[in-house]
Amino acid sequence: MSATASQPDASYLLRKLHSFTGVLPVGAFLAEHFWSNSAALVNAAKYDEVSRDLQTIPFRPLVEWGVIFLPMLFHAVYGVYIWVRGKSNVSAYPWVGNWLYVAQRYTGLIAFAYIGWHLYTERWLTHGHSTYATVETDLRNPWYLTFFVVGILASSFHLGVGIWNFLCKWGLAATAKAQQAAGRLGVVIGVAFSVVGILIVLSFRLNWHPFSSYYLPK
Amino acid sequence: MAETKRVIVKVKRQAAPKEPSRWEEFSLNWRPSMNVIICLRDIAENPVTRDGKKTTPITYDSNCLEEICGSCAMLINGKARMACSALVDQLDQPIRIEPLTKFPLVRDLAVDRQFMFESLKRVKAWIPIDGTYHLGEGPRVSPEVQEKGYPLSNCITCGNCLEVCPQVNEHNQFVGAAIISQVRLFNMHPTGAMNKSERLQALMGPGGVQECANAQNCVHACPKGIPLTESIAEVNRDAWKQALLGWLLG
Amino acid sequence: MRQPKIIVVGGGLAGLMATIRAAESGIPVELFSIVPVKRSHSVCAQGGINAAKNQKGEGDTTDKHFDDTIYGGDFLANQPLVKRMCEAAPGIIDLLDRMGVMFNRTPEGLLDYRRFGGTLYHRTAFAGATTGQQLLYALDEQVRRHEAEGRVKKFEGWTFLSAVIDGGGVGRGVCAMDLRTMELKTFPADAAIFATGGIGAIFGRSTNSVVCTGSAQSALFQQGVDYANGEFIQVHPTAIPGEDKLRLMSESARGEGGRVWVPRNPAEKRRPKDIPQSDRFYFLEEWYPKYGNLVPRDIATRAIHRIVYQEKLGVDGQAAVYLDVTEIPRETLNRKLEGILEIYEKFLGVDPREEPMKVFPGMHYTMGGIWVNGEDQATAVPGIYAAGECEYQYHGANRLGANSLVSCIFGGGLAGSAAVKFAKSLEKGAEAAPASVFEAERKRQEEKNRKLLTQDGSENPITIWRELGDLMTEHVTVTRVNKNLQAADAKILALQERYKKINLSDRTKWSNQTLNFALELENMLILARVITLGALARNESRGAHYKPEFPDRDDANWLKTTRAKWVNNDIQLTYEPVDISLIKPRARRYDAVK
């Protein structure tokens, strides 16, 4: 083989980058985001404190664009490119993996649409100063509520399957047994995110703060 | 009149690559242990459709009839499988028989799977020996390696794993699971490992291992039960390690 | 300097080995095969490949391998080349090992060996129960490498129709047909090697693959390439009956401890598992205590026929006996025999690890084939070579199990080297042959095609083929009776007459398999007569050829090679002596010490 061919093809690198960004930083950010928003389960004051802390990090625009918006945008756009180049056949071969393959594409799209809207309403319209009150107001709208729930479920599912895909596709879970275990891990992650996400929504919607006794004012 | 048991078979016909396709239905005499090949042979001997129209025998590929040559892959009731081991008694009727869809059609059920053989060339799926003259014994191989390698070397290049893969299609030159698994096999062999990096390199090009999207259909469709998803995972790992270390360390 | 060119027809083990040898010497090779070479019939070989490496410390030697082969073949093989093959066998194993064949291994990482029929030594190297597939793939990979590097050009999906032979009687190339476009073309070459395999289709159902029709051998025969010992047809004792084909149950099942038996009581109603040992008849072990279940194939086949047809002890009154591997530990079965047991399970829906398999003999292999000299695989026509199952050289009157793979690779390599030498030695190669020779051959074949595609008639080629197969299986396999052989020949002649009136149900000119089959059928009918007439003439019993009227081997009159020639459009049998210069013929008995 000639020396000129000693570098991987661009399609290889982009594909790997797509897979990688899904976990880092996108997946990690999602985890962080769910974690911060869990503050609502304590109470509104705690939520606003966490929110304020996040709004006051140094290099904020750089972090937001470099670690969150751009990777997510790339992951989404390249994901759509992958989608259109695939040709699903789940009606002929209704195996679990094949269902997940299809579902991963639709949930990705839903998650992307949701996140875009979520960013617009909670980040853009609030000029980066979202508070418990703004979210709570938004969630009174039943359409908002529905979209929140669907978006959270889709994102959680997409992340769970994505973790499984990542572990298989990077060869970190290579044997059949390891891939099964990776699948179970994906389920745990997907379910955990779904549950936490829904609890947060319920917290806003019902003004329900199960951990309010933890609260210590600053 | 004594009713003999009938087998109803529907075959998708196409006279040539650019001709339109059509379905023909046949009614055949049932016999014990009948398989799809026997159906096609019956039609060849008496090419008359169910409604009495004369037609031509069906063109199809077959050779060993014991699922080891890889010739007779086709869609049977919508599923990619080998016709020789498709027993009529285990199939819903009418039995629908169609050509594989991921390869250029030749005629009727015959398709051209040259793409797979070209891919094998591309990934250098061979052990580069110096010559066939006497050079002594081969390298020692532990039974553990043999037991891993042997199932991989059972691949019959039937193309079923490509057929069922959502990532293999006209937009996409994905080589498919079979070829990736062969790379794993040759990289595993002590002599073959000397050219490991070249093979991985070939799989990091267009249509390479990155195109796998982990639907895992291949492993279900493989008639030889080859652990294809394991092969893809291992090759994937070797590939990114090589790319990363190559970039970092030269 | 002129660049010689070689053509190889057939992409099984022998053809691929010939291709590699020629390509390696720097001569371009054009390789023709009906199917992609990776799908050749060699993949069906299961059990293993013989070589006296003595890796079990049993004192095995290549001389003993040679003796077993000659003795197993009932002294009909010319001995010197067989000796060379047995001596080359260990080197062939080394070569395959270097090519990366996934042979089974011992804990030390060395090749493992198993026992096979007709020998007392562990001499058979194996890769699971799909050794042929593994070997073919190894050679296929090497050829693909040569192809990628420009030394080999493949013509897959082409069928050989005839050789191009010039006025001086020298082979100058081939005429072949593209099975997709149905285009006919001639290809000049300085030497052509034929490795066109078996002839199973002549017997209708056999263990052979669909492409094993013998059509190429027959076409060559009709062009002056003599055919030898056609009457020696191996019927494998243990095949799984099926309507489309007889699927082989490898000898390795017995090599690993499988036992053949029938219930002593023909009216037995119990399930095989419930029948106590005392009520089971292990007839091979009783009749042949020394070799037991591993007697040579002809012996085992006749024993099973005797059990079924004379003793009337067939399982459930059918033509079947039990082949029982249920006593072998499951782990051993899965490690060493998985491939073949899966075949049984897949095609019959019964797990042979739980229940004994029902098997019956089936046509398997032709010992006879294209006549070649005892030196370098050259046929009766200069410039034409033959190797592999399609030639007659190595197996005498009966082939030992696991000897075919070694003979294919040895013969193929020898033919490759010889063809290169011949091609280089020519002062003027195929390019010097007049274009009219090629033109005439193409015209002759085109005319045949034109006639078949346009003639109207009443006969169906598949029906004729079925009748031929039934006829040959009934009269020209295990037991041969002269009056039946005469009747069979008369019937083949009648089939040939009917063939003239065949009507093709497909007259298109694109991927027309019906036309190709009709062309093959004509050749099959002629080769069927060569086999039948050879059997009729040979009034003795030797190896696979058994005549109850002449139950003994007759060295005084019949220790000779049948050499059929095509003279005035008819078959003429001639005979030549067997080279027995190395081992003196002795009685062949497996029921006693040899």
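Note that the chains are named A, B and C in the order they appear, and that numbering of residues resets to 1 at the start of each chain.
Keep this in mind: a contact is a pair of C-beta atoms (placed from the backbone, for glycine too) under 8 Å apart; a residue touches a chain by one contact, two chains touch by 3 or more.
Predicted model only: the values in this text are computed from it and were never measured.
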- Chain closest to the middle, measuring from C-alpha centroids that were averaged per chain: B
- Note on the structure: Chains joined by the largest number of C-beta pairs are B-C
- Note on the structure: Whole-Å distance, C-alpha centre of chain A to that of chain B, is 37
- With chain centres defined as C-alpha means, what is the inter-centre distance between chain A and chain C in Å? 63
- Item | Centroid spacing, where centroids are CA-atom means, of chain B and chain C in whole angstrom | 27
- Item | Per-residue overlap in chain B, given as positions that touch at least 2 other chains | none
- In their shared complex, at which residues does chain C touch chain B? 17, 20-21, 24, 35-36, 38-41, 43-44, 91, 94-100, 102-110, 127-128, 130, 133-134, 137-138, 141-142, 144-145, 147-148, 180, 209-211, 242-245, 247-248, 335, 339, 343, 346-349, 413, 460, 462-463, 466, 505-506, 508, 510-514
- Would you pull the chain B residues touching chain A in the complex into a rising list? 78-79, 164, 166-167, 169, 171-172, 198, 201-202, 204-206, 208, 210-217, 220-221, 227, 229-230, 232-240, 243, 246
- Note on the structure: Per the touch rule, the chain A residues reaching chain B in their complex are 1, 5-6, 8-9, 11-13, 15-16, 82, 84-89, 92-93, 95, 97-98, 100-101, 164-165, 168-176, 179
- Item | In the complex, chain B residues that touch chain C | 15-16, 31, 33-35, 37-38, 41, 44-47, 54, 56-57, 59-71, 84-85, 87, 106-108, 110, 113-114, 117, 120-121, 124-129, 131-132, 134-138, 140-143, 146-147, 149-150, 153-154, 156-157, 186, 189, 191-192
